[in-house]
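In what follows, structures are represented as structure tokens.
After this come two complexes, each holding chain A, first together with chain B and then together with chain C.
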Partner chain A sequence: MRPSFLNIPGTLTLLAVAAAWEASVQSGAVTFEYLPAPSGIIIALVDLVSSGELAANTAHTMRSVLIGWILSIAIGSGLGLLFGLSAFARRYFLASLEVLRPLPAIAFLPVALLLFSFSLTTELIIIVYASVWPMFVNTMGGITNVSSRLHDVSLTLQLSRRRALTKVLIPAAAPAIMVGCRLCMGTALVMAIIAEMIGNPHGLGYAVVSALQAMRPERMFAYVIFVGVLAISLNACLILASRQLLSGHTREVSHHA
Partner chain B sequence: MMEEGLADGQNIFECDDVSLELFPHGQRRLIIDRLSLTIRAGEFLTIVGSSGTGKTTLLRLLGGLVQATSGSIRFRGATVNSAPEGVVVVFQDYSNALLQWRSVARNVALGIEGKLDNAEIAKRVNEALQMVELERNADDYPWQLSGGMQQRVQLARALALKPDVMLMDEPFGALDAMTKATLQDEVLQVHARTGTSFVFITHDIEEAVYLGDRVVVLSGPPGRIHKIVPISLPRPRDQIKTRQTPGFLHLRVEIHAAVLNAEGH
Partner chain C sequence: MPKRRKSFGFLLSGLPALRGLLPLVLFLATWQAIDPQGSPYFPPPSTWWVSIVTLTKSGRLLPALNATLMTFVLAIAIACVLGGAAGILIGRSPIARRALGPLLEFCRGLPPPVVVPVAVLLLGYVESLKLVIVVLVVVWPILLNTASSTSALSELLLDVSRTLRLSRIATLRKIVLPAAVPAFLVGVRGAVPLAIIITLLVEMITSLPGIGSLIVISQRQFRSSEVYGLLIVAGLIGFFLNSLFIVIEGLLLSRWPPRASYAEGG
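Right, the complex of A and B next:
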């Protein structure tokens, strides 16, 4: 069966949940002081769109996410290639990197704040620190997991080291590298929102906090839902892009970060 | 390649007292023990032996994929210390050995890309695909093909290099009997047409007799040469007629006995 563009049963479920939510708030069955009804959230969202506030905040967040994503891909794939290709690097330096990896990026936020105050730099440091790992791990795993048979093939066909790398190794690792790019994007968005809540008062993350502090829950919900939709859309775009780029590959392999 | 090369019958490979030790888990293991063997230009040499007699290791040594611990291997007089030009290995596990993201034609071109001009590459790819009867599958991807066809792609990729020697490691071990017979005849045709030397590992004794000019029986571990049996059956060989001749049956029994005898060592 071909996957259709719209998942009809899934959408129906979603609408049913929204309807139940609306009904329970309107009827007074649920009485949280600050739980808005879906209709209120939609009105708030329309308001945010028409005032241009949503677009401005999205532009800020997306700029940080994209810069952070590109930096993470550059650093993560560079390090991943180095560690994937060099047993020496793995033996001597991988342990040091593995010590850094489990440290939660958010724990560095106070450090970054102290050094760079409330700024885009602080936001980017947090984004890159967190999202470089999935890129690194997937690139390194992709390279080290290339079948030893393909190394034999490169040797017996007299491929130079450079050709073996560009024609055999990197293409063989490409599915894992693409998974890294996707995980990296997801992490970058999450970290951008968190960094904006605490470290750089701009963008969607700060907008959520502002709405909360202004006690405007319908705006807060509107932003939260919008961020969710944004994350799903970005992931879908990257899935489509990697299908295009890897049209010859039959399977996708993931080495989770 | 052959034009600057050796006349049929001259030694193309010379292995002298070759030993290989490996150290898995820190323990010394002798895989090949002082093995000496010469391979003649244009010859079809088949190698049989039970598991663990070092068949694959011997092939990897000849292909320059591993280096001997002691002794010397010479290809056309020059010591082999990396994969020598003019020698190419065809592996048993075709699905790992092919680049699954490249079309058949682009797989076949892999070894000559960047070394020849585009017109020559296209010509070589085409010729190689014709030799293995895959010219109609040039644009398919390996994963769209049957096992036998995938192994043909690997064969064509090796042929595109116009090698002096093809080293084949149980290439048909994973294929069904019918496909295997067809591919055996294709390999024999390539051998007759190009004069390429073949070193062909198999654990199918009938296959070794059907294809070979000489059959090497290995014993081990550690791998040693147990016996070398010349096969004087006339060429071209035929799947039905050759296999019925008393000579074929006699050789099959003789080699089978040698393999069993080697196991007793």
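Right, the complex of A and C next:
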């Protein structure tokens, strides 16, 4: 829906907020003791980029996110297909999964810490546990919501189960599955940062927390803004990619509940 | 979902069928039966129960549970009021929507956990810290969903209200609210699990009282049965709050049913 040309009022608002922030910190008008000025944040950001620290932390976080994302897509879409295709599985196993779904993934972190201590395994378990759900729900929803007319088409054409799946069901469910992939990436990034804050002292999440503990607010804000930009860029890339892949479909449909 | 439950159970129709719980029950029963006593990492489910009872008797569980639930309820209530009101205001003004758009999208896109250290830095470990953080995280999906549905309101409907000379309040009640409520609820649906996770996260990081800090303390002292027990408590909180939301959502949607053109949120 977003117009393709530059949003001038939006950009002006961002600049005005930054200018007001800078002015109020410089003049001492704000009461927050540790609020850094935007200029200080930019200097800290340049410093983090030139020392290579930002790149190293980003590399660690992105590696965990990508491994977790791929694992979640594999597990989530596999389970989603199984539950989408089999009424038996839905009847006798779905409620067990539905009880686990609202279980806050973060509450698993202490259990994972207990079992695997501070490690990449802990981080990945938390990422995968949380990101499997959007993938699972969207794949299952996509398959179960395929219109009955399409089922009739594959019956009329006497397609084998396998061909009906690959030629009819999966293409029809593709938009929902792509939404699952995108939500899955967002969840993976959030959980990676949470896991790094508490469970695995590396990467961007740990960098933010250790900048706080070292009382270096400029660095902390630089990391926070960078993380925000990273998250939004990843999301935008996936939206673009799914538009390219689904050029025949008209709109995204989410079954995420 | 069987048809015969329709008469009384339409509010519960979003909840899963109970017989599907069998595999989970069997899994836990097997765990209990094998009873890996030797392993400190996999205490059998009966010991989880014992440690929860001990925690309750020592008077540590209930205050923590209360603190966590209070933060959640207050945060969701504040976020609904703020997000709903600001969403309608911003959605009704195309200029405000365009000017604030990038800033709001950044706030929504920012991964929630990084809000925690920022708030800790600026506010310190004060009593209201938990509440402020959770509101700051969950208000955006509610605000943006409400704003986009309000701005998608067709001019034709607003012309109708002008023709009928409806007062501002009547326009809000009869035209804006029916358009905004379904999308607002989509926003709240995303906000509920997020609020639970962030409440627990803040408690874990800051050690402010609550279930989150209780779990971390048990984990640091390697009391594994307590960790598993509290995991179940957290799960029950999540399950209970999500189910409660589904029921409330059903009630509100039967009052303001979604229409095709309004139904798309975010």
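Everything below uses one rule, namely that the second predicted complex is superposed on the first by the 252 of 257 C-alpha atoms of A that agree within 3 Å, B and C clash if a C-alpha of one lies under 4 Å from a C-alpha of the other, contacts with A are read in each partner's own complex, and residues count from 1 in each chain.
Assume contacts are C-beta pairs under 8 Å (C-beta built on N, C-alpha and C of every residue); 3 or more make two chains touch, one makes a residue touch a chain.
Nothing here was measured: the structure is a model prediction, and the numbers come from that model.
Participant: For the three-chain model obtained by superposing on chain A, do chain B and chain C clash or fit?
Facilitator: fit
Participant: Between chain B (first) and chain C (second), which, if any, makes contact with A:224: first, second, both or neither?
Facilitator: second
Participant: Just checking: does A:171 make contact with chain B only, chain C only, both, or neither of them? Give me first, second, both or neither.
Facilitator: first
Participant: Please work out whether A:158 is in contact with chain B alone, chain C alone, both, or neither, and reply first, second, both or neither.
Facilitator: A:158 sits against chain B, while chain C stays out of touch.
Participant: Regarding the shared-chain residue A:193, is it in contact with chain B (first), chain C (second), both, or neither?
Facilitator: After superposition on chain A, A:193 lies in contact with chain C alone.
Participant: Could you tell me if A:63 is touching chain B, chain C, both of them or neither one (first, second, both, neither)?
Facilitator: neither
Participant: Looking at the overlay, does A:98 come into contact with chain B only (first), chain C only (second), both, or neither?
Facilitator: second
Participant: On the A-aligned overlay, A:10 touches which partner chain: chain B = first, chain C = second, or both, or neither?
Facilitator: Only chain C; A:10 stays clear of chain B.
Participant: Please tell me which partner, chain B or chain C, touches more residues of chain A.
Facilitator: With both complexes superposed on chain A, more residues of chain A are touched by C.
Participant: Treating the CA centre of chain A as the corner point, state the angle out to chain B and chain C, nearest 10°.
Facilitator: With chain A as the vertex, chain B and chain C sit 90 degrees apart.
Participant: Quick one: smallest Cα-Cα gap between chain B and chain C in the superposed arrangement, Å?
Facilitator: Minimum over all C-alpha pairs: 5 Å.
Participant: Return the residues of chain A at which the contacts from chain B and from chain C coincide.
Facilitator: none
Participant: Given the complex with chain C, which residues does chain A contribute to the contact?
Facilitator: These residues of chain A touch chain C: 7, 9-14, 17, 32, 34-35, 90-96, 98-100, 102-111, 113-115, 189-190, 193-194, 197-198, 205, 208-209, 211-212, 217, 220-221, 223-224, 227-228, 231-232, 235, 251, 257.
Participant: Which chain B residues qualify as touching chain A in the complex?
Facilitator: 63-65, 82-83, 85, 87-89, 91, 93, 96-97, 99-103, 110-111, 113-114, 141, 143, 157, 161
Participant: Touching residues of chain C toward chain A in the complex: what are they?
Facilitator: Against chain A, the touching part of chain C is residues 16-24, 27, 41, 95, 98-103, 105-106, 109-114, 116-118, 120-122, 189, 193, 196-197, 200-201, 204-205, 211-212, 215-216, 218-219, 222, 224, 227-228, 230-231, 234-235, 237-239, 241-242, 264.
Participant: Which residues, counting only chain A, touch chain B once they are in their complex?
Facilitator: 147, 149-150, 152-153, 155-159, 163, 167-168, 171-172, 174, 246, 248-250
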